[in-house]
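Here the chain labels run A, B, C and D in written order, and each chain numbers its own residues starting at 1.
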Amino acid sequence: MSERIKEYPGTYVKERAFSDGSVLQTWWYPKADYAWDEGVAIGRFLAGLKAGKILGITCPDCGRVLVPPRMVCEHCFAPTSNWVELPGTGYIKTFSIVIVRWDMERLEKPLIPAVIALDGTEALNATGGLMHLLGEIEPKPEAVRIGMRVEPVWLPARKRTGAITDIQYFRPIKEG
Amino acid sequence: MRTRRVAVVGAGMTKFVRRSLETADELSWQAAKMALDSCGLTLDEIECVASGSAPDAFDGAHMKNEYLSPGSGAWNKPHIRCYVGGGTGVMTPIHGWYHIASGLFDTCLVICEEKMSSCQPHPQGAFLTIFDHTLERPLGPNLLWIFAMEMNAYMHRYGLTKRDLAQVIVKNRGNAKHHPCALLGEDIDIEEVLASEAMAWPVQRLDVSPISDGAVALVLAAEHVAHRVTDKPVWIEGCGWSLETSYWTNRDLAYPLQVEQAARMAYDMAGITEPRKQINIAEPYDPFDYKELHHLEGLMLADKGKAPEMTALGITRRDGDLPVCPSGGLLGVGNPIAAAGLMKVAELFWQLRGEAGGRQVPGNPKRGVAQAWGDLMQVGTVIVMGIA
Amino acid sequence: MVERVAIVGAGWYGYKSITPELSYREIMYEAAVRAYNDAGINPRTDVDSFITVAEDMTEGTSIFDEYTPDQMGAVLRPNETIPGDGLHGLATAYMQIMTGLFDVVVVEAHSKASNIMHPAHIVAYAMDPIYNRPLQLHPSFVAGLEMQRYCFETGTTLEQCAHVVIKNRGNAMFNPLAAHPADLALSDVLNCEPVAEPLTRLMIAPPADGAIVFVLAAEHVARSLTDTPVWIQGVGWANGSYSLENRGWVDLDYVRLAADMAYRTAGIRHPKGTLDFVEVDDSYAYKELQHLEAMGLCRPGEAGVLTEEGATAMEGDLPVNPSGGTLGCGHLLDASGSARALECVLQLRGEAGQRQLEDVTTGAALGWRGVPTTAAAMVILSNED
Amino acid sequence: MSLTERLQFAHEAKAWQGEIPLQNRYTMGLAGERFFRTIKDEAKLTATYCPECDYTYLPPRAYCERCFSELTEWVEVPARGTVYAYTVVHYDLEEQPLKAPQVVALIELEGCDGVLVHLLGAVDPDDVCLGMPVQAVFKSKAKRTGEITDIAYFRPM
């Protein structure tokens, strides 16, 4: 490779070349809007959120309580049944302290996304759980720890719409 | 084994650049043309095309493989694209392999392209919609979030520090100095990595591979054609791929089980029973520094949690006992998703033929493994190649 | 001696114009369960590889293959996505089995077309961004242009094109799977609103939701799984020129090449005498005619006449789209080719109910990826040992 | 066993709405940069020629898709040709009926193989016919941006 071929193709263009017109361009804005059918499992889960409940569903074969709920257990390939209301509490499986937006602009305030393992869903090598944001981490975001116990902070009932954001965030459970 | 043997007989690639003048199909043509020229074959002699590319959102074209088909040499030829997110770059030569191993074809052009710069204002925008549309996107996640969380889980499980991980960047960028297509080949101080701008703890700017435009192509041939075309065929000995659950929040993120599953499948096919003894070079997928370590463990080339120590001991240096990412990896060469994965396979081809120039690992390596990974930290793709 | 490959299981959900009762995951599961039960297999232990057919932009998710394994029983198993027609997926599975390293491979394709709010925008996004898209045209213009030139060159009439619609939506009346059965008259088709002249609204296949799963097996396994294996005799696929500017507007080289490859791999020299029926893409009425000609089943310009004469009807010499085709079943996006193949399987097993053709042994399915592509794939299926 | 639980009431069936938010910027590429620059600056069409395949590409390509040769031979071609096919389009991208239907044509340009896709203008749709000679109408220089829409439309000669 390096020995045989001296010249490699690929022409680098500076960003400035677009603004000063030295390189031509054309733009497109696809209109990609969707209305995805929620179906049985997610539909019921969202209805639960609206009612202020986190619901799981049970696999009759392995006994796992699945969150997010699905109509089939991916390990047993068995259809699930028996909805369970979970306490909503859990612990932080992992987290990040995010200070830039997707386009690399700095955020005004850090976000702390985390994977929450929910109580009542522990199984062999897996836990039911959700990605969500953390809040009320005191005294500052850096105090967050893996394993920290957390609980959901719900929107008031009248503001809930049946969405994951009906939970505003999870916060540490105060000791005692 | 009654399966037909398949060899890599040619390779080509473009420079990986932040933003290319070439259109996506022109990049594909450049890499494909070079691959053909490298083994003296013409497009006429190619019987089919196996292509791979990651989200359509990057190049900005729905049914991307149709859009790329002229540059992929697919005019009046059978052409199928495979797609497993970030794992695509190593899946595509596997996809090419079964085209020939099936007995349907004798030659195959394997091509991966990504023009990420078409996605504006920042290519990360293409990753905003990889999350579950109902339960995750409303929270506004991006790719950094989940990698940061996986990195954190890995560091926490084994008590690793940022310094343990950052040595991978120093090594890979250094290796990339000798890669003529590299975007970031340079000597870099570990303190500079540790001091780089924080993005999403524990991820800092220099932990991440650079976004780029580029294309890579290989020519595959059945045994009888391979011997006619070259006296240095590199054989595809094993292929493996595996996809974990999409419910990533339910998984153990500290260990890439899907990579292990894919590796076991590839090793079985290649007859490898002791990978650490039987593999001379590794090109694990390194879009972030911790990923190289994570994947060395998944490939069973390091004990769980021990890859950082192996790196500290210099074992994974270009002149170490197990050179890892001698190409410079994604961290050094660049990360045009699918093309970056195929770049690793091309690197094995060049290394095993002794044609890697300043990057050549010493000791006449006989066998190498390349691996890619992607989706929601969920797919593993593994290829084993050798000259035995 | 190379082993053969058979379809040993098939399952489906749909087809319907909307499916608000189930999510995309759930329709995939429904189809998969039927296919696995049909084949008598457990996906967690008996399948060597899973192939899912999908495109990001029709799903509304970047890297859609993330969301395929769970409901297929494919978790921690080899599972790859083919962004192609369902028949490209079948061809991929066929190749994997022919390597000798995979005994059982599953192929899934589905459509949630009803979830896409601006389908024309999605198709437009497949056009060349520099030369074509800036004109901001509804993508059906491509079909309008092609139909006009085709009719001009071959002497095919609009009435003949309309007969395809009447036949296929009429056939769909006997297919419980079909989403768009209808009893139409010539005037309905010719006098409804024009979309891209000469193309009228009823000459365009309306979309539908659905999911289709096939289980494929190597010969030695197939015989232990089923008494009614449907053999994949031949496969073929090809691309033409992607560019609207350089493609053959009259000679569909990609269909011709895909068909030639399928005949070659099947060892068929005289397709016309060998194929008992065909299921071909008819996402626009004139495409059925064009495809029959490009597949070598009649001479250029002859397909329209044959259709008018009833030669392609259920009781004709060569029944074409007994299922109702895409016009009658609905356009299932990239699962459309799978729907064509599913009908072949049902017919060859004698399970096509009211629309069962008599004494059929060999059929073919042809898929086209639609505007603006030049990508076709074909499989030839047979129930003969 | 398939699903053991299903929705029972129509009001339970809901859809979650969202989008893939995207904006794309495309370069014209090795060949396109020169093609569109010539249109922008000189209101002229250029093509590339493949001697291997004896094929003249307009839009020009940097390479021949048939034989993969690099194409370096550029030719200027007159901005006129004949209608190879045409259609009258009645809907826009939002699926809304157009007030004024658009006439879209494939135009065989003089000296080129293949066709160019563009709008026909200054003509009644009923008067268009196959083989009709047409020529490009360029936007004024001040309005040209180096895109395919620098040609406003083709009109009968």
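Observations on the structure shown:
Going forward, a residue touches a chain if its C-beta (ideal position, glycine included) is under 8 Å from a C-beta of that chain, and two chains touch if they have at least 3 such contacts.
Not measured: the values here are computed from a predicted model.
Looking at A-B and B-D, the interface holding more C-beta pairs in contact is that of A-B.
Rounded to whole angstrom units, the spacing between the C-alpha centres of subunit C and subunit D is 28. Chain centres here are Cα means. That of subunit B falls 36 Å from that of subunit D.
Subunit A and subunit D have CA centres that are 41 Å apart.
Shown for subunit A are the residues that touch two or more other chains, namely 11, 13, 23, 26-28, 30-38, 40, 42-43, 46, 70-71, 74.
With touch defined as above, residues shared between interfaces to two or more other chains in subunit B number as follows: 20-23, 57, 60, 62, 70, 75-76, 120-121, 125-129, 132-134, 245, 247.
Chain contacts: subunit D has residues 1-3, 6-7, 13-16, 18-30, 32-33, 65, 93-94, 147-148 touching two or more partner chains. Chain contacts in this assembly form a complete graph, since each chain touches every other chain.
For subunit D in complex with subunit A, the residues that touch the partner chain are 1-7, 12-28, 30, 32-33, 36-37, 40, 93-94, 145-148. Of all residues in subunit A, those touching subunit B in their complex are 1-5, 8-15, 23, 27-28, 30, 34, 36, 38, 42, 45-46, 66-68, 70, 74, 93-104, 111, 113-116, 125-133, 146, 163-165. Those residues of subunit B lying in contact with subunit C across their complex are 2-4, 23, 49, 54-57, 60-67, 69-70, 74-85, 91, 95, 98-99, 101-104, 126-130, 132-133, 240-247, 257-258, 261-262, 265, 269, 374-376, 378-379. Of all residues in subunit D, those touching subunit C in their complex are 1-3, 6-7, 13-15, 18-20, 24, 26, 28-29, 32, 57-59, 65, 84-95, 102, 104-106, 113-119, 130, 147-149.
Subunit C makes touch with subunit B in their complex at residues 2, 55-58, 60-63, 65-70, 74-84, 88, 91-92, 94-101, 122-123, 125-126, 128-130, 235-243, 253-254, 257-258, 261, 265, 369, 372-375.
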